[in-house]
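Order as written gives the chain letters A, B, C and D; numbering starts at 1 within each chain.
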Amino acid sequence: MEAYLLAIAIFVAIFTLLTLGLNLQYGLTGLTNFGLVGFFGIGAYASAILTTHGYPVVAGFAAGAALAVIAAWPIGLVALRLRDDYFAIATLGLSEVVRVAIISEKELTAGVQGIPGIPRLFAVLESRTWQPLLLLAVLVAANLGVVLVMRRIARSPFGRVIGAIRDNEEAVRALGKDPARFKTQVLMVGAGLSAVAGSFYAHYVGYVTPDQITPLVTFQIWMAMILGGTGRISGAVLGTLLLMLLIEGARFLPDLLPFVSSTAMAELRVFVVGLALVLFTVYRPQGLMGEVARR
Amino acid sequence: MSLEISRLVKAYGPIRVTDDVSFTVPAGGLVGLIGPNGAGKSTLFSLVTGFLAPDSGSVSLDGRSLDRTGPAERARRGLVRTFQVPREFSHLTVRDNLMAAAPGQAGETLGALFLLPGRVRREEEALRRRVEEMMAFLKLDRVAEVPAGNLSGGQKKLVELGRALMTGARTILLDEPFAGVNPVLIEEISARVRELNARGIGFLVIEHDLAALSRLVTTLHVLDRGRLIAGGPPAAVLADPAVRDAYLGGAS
Amino acid sequence: MRFDRRQTLRLMAAGTLAAGLPRGASAQAEEFRVGALCPVTGAGATFGAGMQKTIIATAARINAAGGAAGRTFRVFADDDQTQPQAGVLAAKKLLEVNRVQAILGTWSSGVSLAVIPLTNEAGAILMNTSGAPALSVPPANAKHLSYRFQATNDRFGRAFAQIAAREGFKRPATMAFNNASGIGNTEGFAKAWKAQGGSLTKAVVYEPNQPSYRSELQSVLDTKPDVIVMGSYVADTAIILREWYQTGATTKFILPDWAVNASTIASLGEDVLSNCITVESVANEGSPAFADFDALYRKEMGAPGRGNNYAAMAYDMMVLLALAVEAAGPGADVAAINARIIPLSGPDGEVVSSFAQGRDALKAGRTINYDGASSVLDLDQYGDVTPDFGAYKFNGKSFERKYIVKI
Amino acid sequence: MLSLDLLVAGLISGLVIGLSALAVTLVFGVARFPNAATGDAMSLGAYAALAVAAGTGSLVAGGVAAVLAGILLNVILYLLVFRRLSDRSPIMSLLASIGAGFMIRSSLGLVYGQDPQAFRVPLARPLVLLDVRVQWLDLKLAGLTLATLAVVYLILAKTAAGRRMRAVSADPALARVSGIDPTRVMLTLWALAGGVSAVAGLVLGLKTVVTPDLGWNLLLPAFAAAVLGGIGSPLGAVAAGILLGIVQELATPFVGFTYKIAIAFAVLMLVLLIRPRGLFGRAEGAR
């Protein structure tokens, strides 16, 4: 039981990094990035490729984050020009392009076969309890660090301007500030963070395939953010936890309700996630932790 | 700092929204612009501040052409506008609205934010004091902590004015500052504008409230169907038969 | 739906506690715990539910027959969603919460590759039906705890090549669904075909979920092949065959049998299907084991067992596992049970075809060879089966086996 | 005549994309609602057609059932969910419709299972017109697409309901004061979009096989085409769909089959950068 809870906690911690990144982008800046999974994939594959070729773990993390940040820069230039709903569609498309590129560049990525045997972090600890515990501790520390950085950003002059951009971009321009610069920087920070999450993910699951880089991941992160409360840093953590409980909790239902077939259960799980998303967007758009309704 | 508008033309299809418009807002001037609905006033503002590109004509500030610059650059050079429908940063408090407008803050770059925390803190303290003064001047101090989206229309107009002032603007374009504002507050806003003008800040004001506007400005221009049909001291302009015909003709 | 933050937090705390409560599933000595981790949703959904129900029903029969070495089998079912990440979490839950000692029924190579480090670490047995060659060898199968009841993609490819040669084809081309299994089949074919001295006119890999595959198909037909060897699934196969027919070309097709289902057979019709040869690893159809499986499958799923060869494999997994438990004797640990699996699968010893028969023979001290419903098994040193393959042709109503090839 | 055949192939896939883009652009254009459940309305339409066609033996009856199912679904969704989001940001609408789509898809999976099902349409060898092979079925589907486009166009341009829709689209507040009931207009609009989605699902189902994921898989190209064609422009959506279909097919010899699906987005990004309002869009653009 403990190891299973640990596994869930580790996944929650990894995805919380993504939710925090999205919260910076959408919650604080109003950037509708629906291409999160693309940056996540860049991180996961950078780590997978480099570490299976004998490079150190740190190299994978660094290369993934650097690549994602560089990839985000031209997207920032596009972001400057698009309305939020169009930007959502465009970034969604870009993440699909990343996936297709991973599938196609077989020499580098092994295509659809995926890359198995990615070393786990802290594998020197043979213990089945201590290794995941240490990993979780590192992840929690990483999340704490990110939360602190986000707070610092949110309460700084920079945070004021991105909040202003979220509320009214034209007016920011009218005051002599260039929204594009801020948006680009936010996208780059978010991309780097997503890539770091991707690297952790690759090392934890130990096996990456293009099937793991689908827009479904992006949607789940959006759900987590909505559940927790848009624009609230504490909400990002809570929302991810809640989403994971919603998805994982369904696993226990067949043990409790043996009369429901597992096929039906799998469909019901998707149904419940969809229903939660609808109910939250309609009745509680500010999320669990939100105080102010965002429209 | 004088603003010269010269032969601006902007057309949508066959309709010329502004048609060969030229006039000047002298340094420290207080100029009004009137015209019936659809005369092209707000379009002219957008052309002057760079939100729209004209088909022909040019805008310059103290003799330096602004034609190749965007709205942000024009604002940095001291030419700042407000909007007809207030564009307050609705989730930010009034204080943050004003603080966000100040130029050249080190804390607006991520690098300085994390590498020079001391400098950022000192700047913030100084800025905060300036904003307190500004809020006192605009009588916004009692709503300092209120999200700007919750303010009344007149208060939002004041926040926009305050933001424009915080940028250090030398010439401010006010788009209908009295629209939807109660009479007491209109006088309040007028008084602030006069006071600021006395300190050397130039204003170009679009307004429907003719009475209030003509009491405020020293020069008045009249726009009708994209063309400038009159200009001069308010009393003279309002007496002009062409203006009465075009603008005051049938209606009020 | 109106609640404030404090209430929300309280609710969350309650939820977390409930999730953390033990399930009252403390291990009992006389119980052997099995996870049925199958692709109930996702790309493998066509087979997953049938596999899972087969495992559950087979375990129930074994229990009804008195269990193995004094133990009964308790099955915990879960869905891997045909996705590695979901598979990892499901396997963790099965291993850690339900404390299963074996996981049966992973189908996609991606899921098996993701799950195998976990079963290795927990010292649990993994029985899968995945095709990826990497599963047989270290690092994946370093501990020899994993068994594959499906022919590898390579072996499928070899069967395709034999059938193509026997049918007299000279100019084959391949089309593969862009995933590990689709490409594995056609590349296995290409390797075997080239080893026989042949060459391919074209090899195309296509992306799934398209409304049309006309351009892919056209580029293959332009090279004038006499047969197209497919590594494909149901949806794409139906579209490609329909579009092929509509081009007016006269090429033949060799496909894996999982690429058609009852609905697409009915809709494509004889004019199309008479040009197709389907290939599958031959279920051990004449065997008593298959008859028993077929009856069980019809009862559970209301369909003939022939339609789901993976369910037959799942049946064999459960029976072979139970026989290994019996052979290892009362109270044996997983390692001791694991050591019994390969010998019990044959080829040496007295042939048995059901759990009861095998158990009685074991009790009598004889060496047995379980010949299963999906194949005679005969697991090799890597834990892989080498089944025979059948070539099937359309008889106007369904695909009928014409001959068998051995590789 | 490789390229001419490819052109026809692209044209036909493009028609399917164009039809789904038409359903997207209607609600996106008028209500500024990016409806991600459009694909699932397509799937529902396809299943309804499949069930009724199997029961009655008539594909026409199946088509009628599909349209009715699509209309009913969208009306229910609008009344229960989407109406309450009319004053929210489009992103909230997008998320809610993704959730609604999950619910529809899982319900279809629950009822029909995940196993693909196929329409029983007699297959025929092709007609050869001017050296190009053409399918009767494809011609019929093209006719159906054009007829759908014509109906949508006529409703929007020539009927009172259509005029009210355009009025609401241009200025909801003004429409309200001129005595137009926005709820009624929106209901008509959503019903229309539901009907179009169902037709798109039917066409796609006839071309391929029916699974619960049928429409979802086409959603991204549909959105790409809707944006490309200019949001709110029915003709633009269909034209852009066809354009994307053709470009994808013709470009594959150069970029390979895998990158084919990325092309739609490459084209989209390019157009958004050069001409943000789309090919046929009105002046109000994507910026």
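By definition in this document, contacts are C-beta pairs under 8 Å (C-beta built on N, C-alpha and C of every residue); 3 or more make two chains touch, one makes a residue touch a chain.
Everything quoted here is computed from the prediction, not taken from an experiment.
With A-B and A-D as the two chain pairs, more C-beta contacts join A-D.
Innermost chain of the displayed assembly, by C-alpha centre distance to the whole-protein C-alpha centre, is A. Between chain A and chain B the centroid-to-centroid distance comes to 42 Å (mean Cα coordinates, whole Å).
In whole angstrom, the spacing between the mean C-alpha positions of chain A and chain D is 30.
Averaging C-alpha coordinates per chain places the centre of chain B 72 Å away from that of chain C. Annotation: 45 Å between the Cα-based centres of chain B and chain D. In chain A, the residues that touch at least two other chains are 100, 103, 263, 266-267, 270, 294. Not a single residue position of chain B touches two or more of the other chains.
For chain C, residues touching at least two other chains, in rising order: 41, 45, 178, 207.
Taken together, the chain B residues at the contact with chain A in this complex read 49, 51, 70-76, 80-83, 87-92, 96-97, 99-101, 103, 105-110, 113-114, 120, 123-124, 147, 149, 163-164, 167.
Across the complex, chain C is touched by residues 1-5, 7-8, 11, 100, 103, 111-114, 116-117, 128, 205-207, 209, 211-212, 238, 241-242, 245, 248-249, 251-252, 254-255, 261-263, 265-267, 270, 279, 283-284, 288-289, 291 of chain A. Across the complex, chain A is touched by residues 28, 32, 34, 81, 84-85, 87-96, 98-103, 105-107, 109-110, 113, 220, 223-224, 227, 256, 258-259, 261-262, 264-266, 268-269, 272-273, 276, 285-287 of chain D.
Put simply, chain A touches chain D in their complex at residues 26, 32, 78, 81-86, 88-90, 92-94, 96-97, 100-101, 103-104, 215, 219, 222-223, 226, 263-264, 266-271, 273-278, 281-282, 285, 294-295.
Put simply, chain D touches chain C in their complex at residues 2, 5-6, 9-10, 12-13, 16-17, 109, 113-126, 133, 135, 204, 207-209, 211, 213, 217-218, 249, 252-253, 257-258, 260-261.
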